[in-house]
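In the two assemblies presented below, subunit A is common to both, partnered first by subunit B and then by subunit C.
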Partner chain A sequence: MLSPLMAITVQDIGITVSLVFILLGLAWLAWRSFSGKEVDRRIIFLFIFFSVAMPVIFKISFKFKATPIVNALYEKIESLPNNSTVLISYDFDPAMAPEVQPMADALSRHCLSRDIKIVYMCLFPTGQGQLEQTFSTVVRNEFPEKQDGIDFVNLGYKAGGEGVLNVIVTDFEKMFPTDVNSVPYSEIPIFDNIKSCKNLDLIISIGGGRPGIKEWVLFVGDPGNIPMAAGVAAVVAPQLYPYYPNQILGLLGGVKGAAEYENRLRDSDPKFADMPTPATTMMGPQTLAHIVVMSFIIIGNILFFRNRKRGEIS
Partner chain B sequence: MELFGIWVAALLTLGIFSFLYKDNPVYKICESIFIGVSAGYWAIANFFDALHKKFWVGVFPTDGSDPNYMLWFGALLGVLMLLRLSSKIGWIARWPLAFIVGATAGLYMMLYFVSNAMNQVASTMRDVIVTSPETHLIMWGETIGSILIVIGVVSGLVYFFFSKEHKGVFGYTARVGIWFLMITFGAHFGYTVMSRMSLLIGRIDFLFRDWLHLLN
Partner chain C sequence: MKRLVPLIITFVVGTVLILSVFIPPMEGLGENFTLFFDIIAVFAFFLGGGNLVRVHFQKMSRKSDDWEFSIVTLVGFFVMLAAGLFKIGNPGDIASSVTADGSLFQAIYRSVFVPLSSTMYALLAFFVASASYRAFRAKNREATLLLVAAFIILLGSTPFGTMLTSWVPESWSIFQIPNLAVWLMSSPNLAGQRAIIIGIGLGVVSISLRLILGLERTYLGDDNA
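Right, the complex of A and B next:
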């Protein structure tokens, strides 16, 4: 039997060191602020850097329970019968990728594992590069038996933004006469019974810019009465809550939404136990950085009210 | 080649981070490279995706399909737009601009009204007291949520009604609206912090994993 001391892992030491560093740093900053001394902004930047870097190095992560808005998308995919068709649109660029690429990968993994067919497309030209990442890390790597054109198809990027959406809601072939490999639309088996977006079982837009999920709802979801869901960068997530649940049935907001989805997927089936969970990994530094930012806000507010009471601020 | 790319990316990342210390020539160089590369990328992407794939292939199809002559109209408008570079006949550029504004407004008007006005108004018109369909008992969580939506929508609208002075009951309601707005702004700020932190984590992860090999 191991003694409790021997059971301590490097990660435990890392968590302790990180927390002690952060607490001591916050105490020093609070003491300096309350004693009326200036805190150089570069010290704040350095402190934030360490608060993010230490959990990355020591791999501090937390488990997350899926919130209803995330769970709704998971349950929707679970409820789809085999051979249903889902469209996933990569409407993002590398700048948004740290947040939304994990959710795009997790959604692809979930759909393919349930034998749901996927139509991939992009409204951002840089989405093609991100799509290629999903192909190399998930589609070809984890599902080598899935065939291009039968189980999934890549339509690539088409310029036009809202114009593209306005057309594909009634006619796919008009906008995408071929897939990205120049295979004619009529020769792609996945499209045998699909003439437009109205024949799809679910559309998921991954992004955070324009065109994005708002345009999808405007031009496709609402006019065609097609089930829509989204995975977006956190900065736009609050704007999308009014669309839930009537106009979008589920929403993954930022890296937390992605982490919740990864955890939901991993807990659902043992075959996902070893799947990569980049969003969950990011939530460790994310959580500690938020604690630091919240502490700054609290310290700043206490100082503000104290100085106002003393009459130093009108 | 991949190693070279990683080194370039890492040095450019550090160069951009150096601005946090103070403005410096290295940061300026990295910033200029970013702007130049972005401009070049978008110029090439637009040339091939719009001019070549949409216009050229549409007008001169190679697969035996009929040419789409309507595309010449779009091309003409595009050329007219470039006339704004001339001081003498720059006014002609207003025509394609007017076309874009008119077409966009027409395209958006009804769809926007239905999706972002009518459908969202309908979403707020819900039962205030929510009961379980099976047991007919009140579901307190959903009921409180519905009451908050009603109070938030009404007080928020009252705050933006400036035709009546914000005094008395009207003023108190507007003040409640301010609280709802503040909470909304707080949520926006929180999500924005999360977004920006994610980018920072992404960069630090790249530096430690791909460049320094500190992580597996």
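Right, the complex of A and C next:
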């Protein structure tokens, strides 16, 4: 039988050390601020550095239950019959990738594991590079039996933003006469019964910039009456709530949304037990960084009210 | 003539694109006009690339401030251009994807461009932290409302939000911080965002009509028109 001491994990030690370190640091910062001494900006930066670095070093992560808005997308994919076709559009660049690439990977993994066909494309030029990352880490690595052109296809990037969407809502071939490997549209088996976006079972736009999910809803989802969902950076998520649940049936917002989806996927099926969960890993640094930022807000405001009471500021 | 031609093009294209939404036989014409737009958009890449090279060559030849950075820009531009155009190291033939795994283009993209872009974006966290300590103050009623809302959203997105209010009975679950965060996003935020979207929509309709009818001519580069 394990002694209680043996049951303590590295993660427990990590959480304790991180919290003690950060709390002591914040107490010192509060004391210094209330003594009227200047706090150098670099000290603030150090706090953020440690609050992000420590969870990475000690591998601290947190589990999240999927919220209804995330769960709705999961359930939609679960409800699709085999051989349905889903379009995933990579509308983002590397700056947004840490937040949204885990969503794109998890969604690809979910669809392919359920034998749902995927049409990949992007409205951002840099999306094609990000798409290749999903191909090398998920599609080719975890599903080597899936065939290009039959189970998935990569249409790549096309310039024009809204213009591209305005055409593919009625005709794919006009805008994408070939896939990214120059295979003609008519020779790609996945498109045998697909002429336009209207023949798709679901469209998911991953991104947060422009063109992005709003343009997809305006030019494709609403006019074509096609089910749509989105995965976006956290700063963009609040702007998309007006579209839920009528225009977009589900929404993954930021790292938290991606982590919720990863957890939902992992809990649903034992075959996903060992899948990579980058978003869940990132929740550790994000959580501690949020706590530090909130502490700064509290200390800053106590200082502000104290100084105002003393008449030092008007 | 110089101004009349663009005005006529704008009027015809705008009218056709609007009518193609409401009159099904005109749908094909609308699509073709959109394709013309995409072809023109591709030419913008040539113009953009040409302009970038011209500006940075000028900067280097005149030895303007920070002209050394122009060398980095131009070297980066030409290396990526060559890697993409000639598909250097690409495992497939010339027809294969430019971003195929193993190509020089994808290798540079993954090992240089991705880390640099992510780093630049991540630096925001440091400035947000600094601003939260120095500037995020409850100076008046509006600022206090914003501060409280931000605080709830921040707390709601961490496990501590759940831990702090897990004692609140189920009948009062709206006061549990994660639920409060969801309510803030799906009620007050939703109302505000809808108002903004409707306002923008009306603005877009109005400015589009002005453009199509030739009342708005600033895009021609004539502010007094």
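Methods note: the second predicted complex is superposed on the first by the 314 of 314 C-alpha atoms of A that agree within 3 Å, B and C clash if a C-alpha of one lies under 4 Å from a C-alpha of the other, contacts with A are read in each partner's own complex, and residues count from 1 in each chain.
Definition applied: contacts are C-beta pairs under 8 Å (C-beta built on N, C-alpha and C of every residue); 3 or more make two chains touch, one makes a residue touch a chain.
From a predicted model like this one, the values you see are computed outputs, not experimental measurements.
Undergrad: Could you check whether subunit B and subunit C clash or fit when both are placed on subunit A?
TA: clash
Undergrad: Just checking: does A:52 make contact with subunit B only, subunit C only, both, or neither of them? Give me first, second, both or neither.
TA: Both partners, subunit B and subunit C.
Undergrad: Tell me which partner touches more residues of subunit A in the superposed arrangement, subunit B or subunit C.
TA: The larger set of subunit A residues in touch belongs to C.
Undergrad: Now for A:181: first (subunit B), second (subunit C), both, or neither, which partner does it touch?
TA: second
Undergrad: So in the superposed three-chain picture, is A:238 touching just subunit B, just subunit C, both, or none of them (first/second/both/neither)?
TA: So A:238 meets both subunit B and subunit C here.
Undergrad: Looking at the overlay, does A:62 come into contact with subunit B only (first), subunit C only (second), both, or neither?
TA: second
Undergrad: So, does A:8 touch the first partner subunit B, the second partner subunit C, both, or neither?
TA: A:8 sits against neither subunit B nor subunit C.
Undergrad: Does the superposition put A:302 against subunit B (first), subunit C (second), both, or neither?
TA: neither
Undergrad: Is A:290 contacted by the first partner subunit B, the second partner subunit C, both or neither?
TA: After superposition on chain A, A:290 lies in contact with both partners, subunit B and subunit C.
Undergrad: Tell me the contact category for A:131 with respect to subunit B and subunit C: first, second, both or neither.
TA: So A:131 only meets subunit C here.
Undergrad: Between subunit B and subunit C, whom does A:166 touch in the aligned arrangement: first, second, both, or neither?
TA: In the superposition, A:166 contacts both subunit B and subunit C.
Undergrad: If I apply the document's touch criterion, which positions on subunit A are contacted by subunit B in one structure and by subunit C in the other?
TA: The overlap between the subunit B and subunit C interfaces on subunit A comprises residues 45, 48, 52, 95, 97-98, 158-160, 166, 223, 237-238, 242, 254, 256, 286, 289-290, 293.
Undergrad: Provide the residue numbers of subunit B that touch subunit A in the complex, in ascending order.
TA: Going by the criterion above, the answer is residues 20-21, 45-46, 49-50, 53-54, 107-108, 111-112, 114-116, 119-120, 122-123, 184, 187-188, 190-202, 204-205, 208, 214-215.
Undergrad: Where on subunit A does subunit C make contact in their complex?
TA: Within the complex, subunit A touches subunit C at residues 39, 41, 44-45, 47-48, 52, 62, 64, 67, 93-98, 126, 128-129, 131-133, 135-136, 154, 156, 158-161, 163-164, 166-167, 170-171, 174-175, 180-182, 223, 237-239, 241-242, 254, 256, 286-287, 289-294, 296-297, 299-301, 304-305.
Undergrad: Applying the document's contact rule, which stretches of subunit C touch subunit A when the two form their complex?
TA: Touch residues, subunit C against subunit A: 21, 27, 30-31, 34-35, 37-38, 41-42, 44-45, 92, 95-101, 106, 109-110, 113-114, 117-118, 120-122, 125-126, 128-130, 132-139, 147, 150-151, 154-155, 157-160, 182, 185-186, 189-190, 193-194, 197.
Undergrad: Which of the residues in subunit A end up touching subunit B in this complex?
TA: Those in contact with subunit B are residues 42, 45, 48-49, 52-53, 56-57, 59, 95, 97-99, 125, 157-160, 162, 166, 217-219, 221-223, 233-235, 237-238, 242-243, 246-247, 253-256, 282, 285-286, 289-290, 293.
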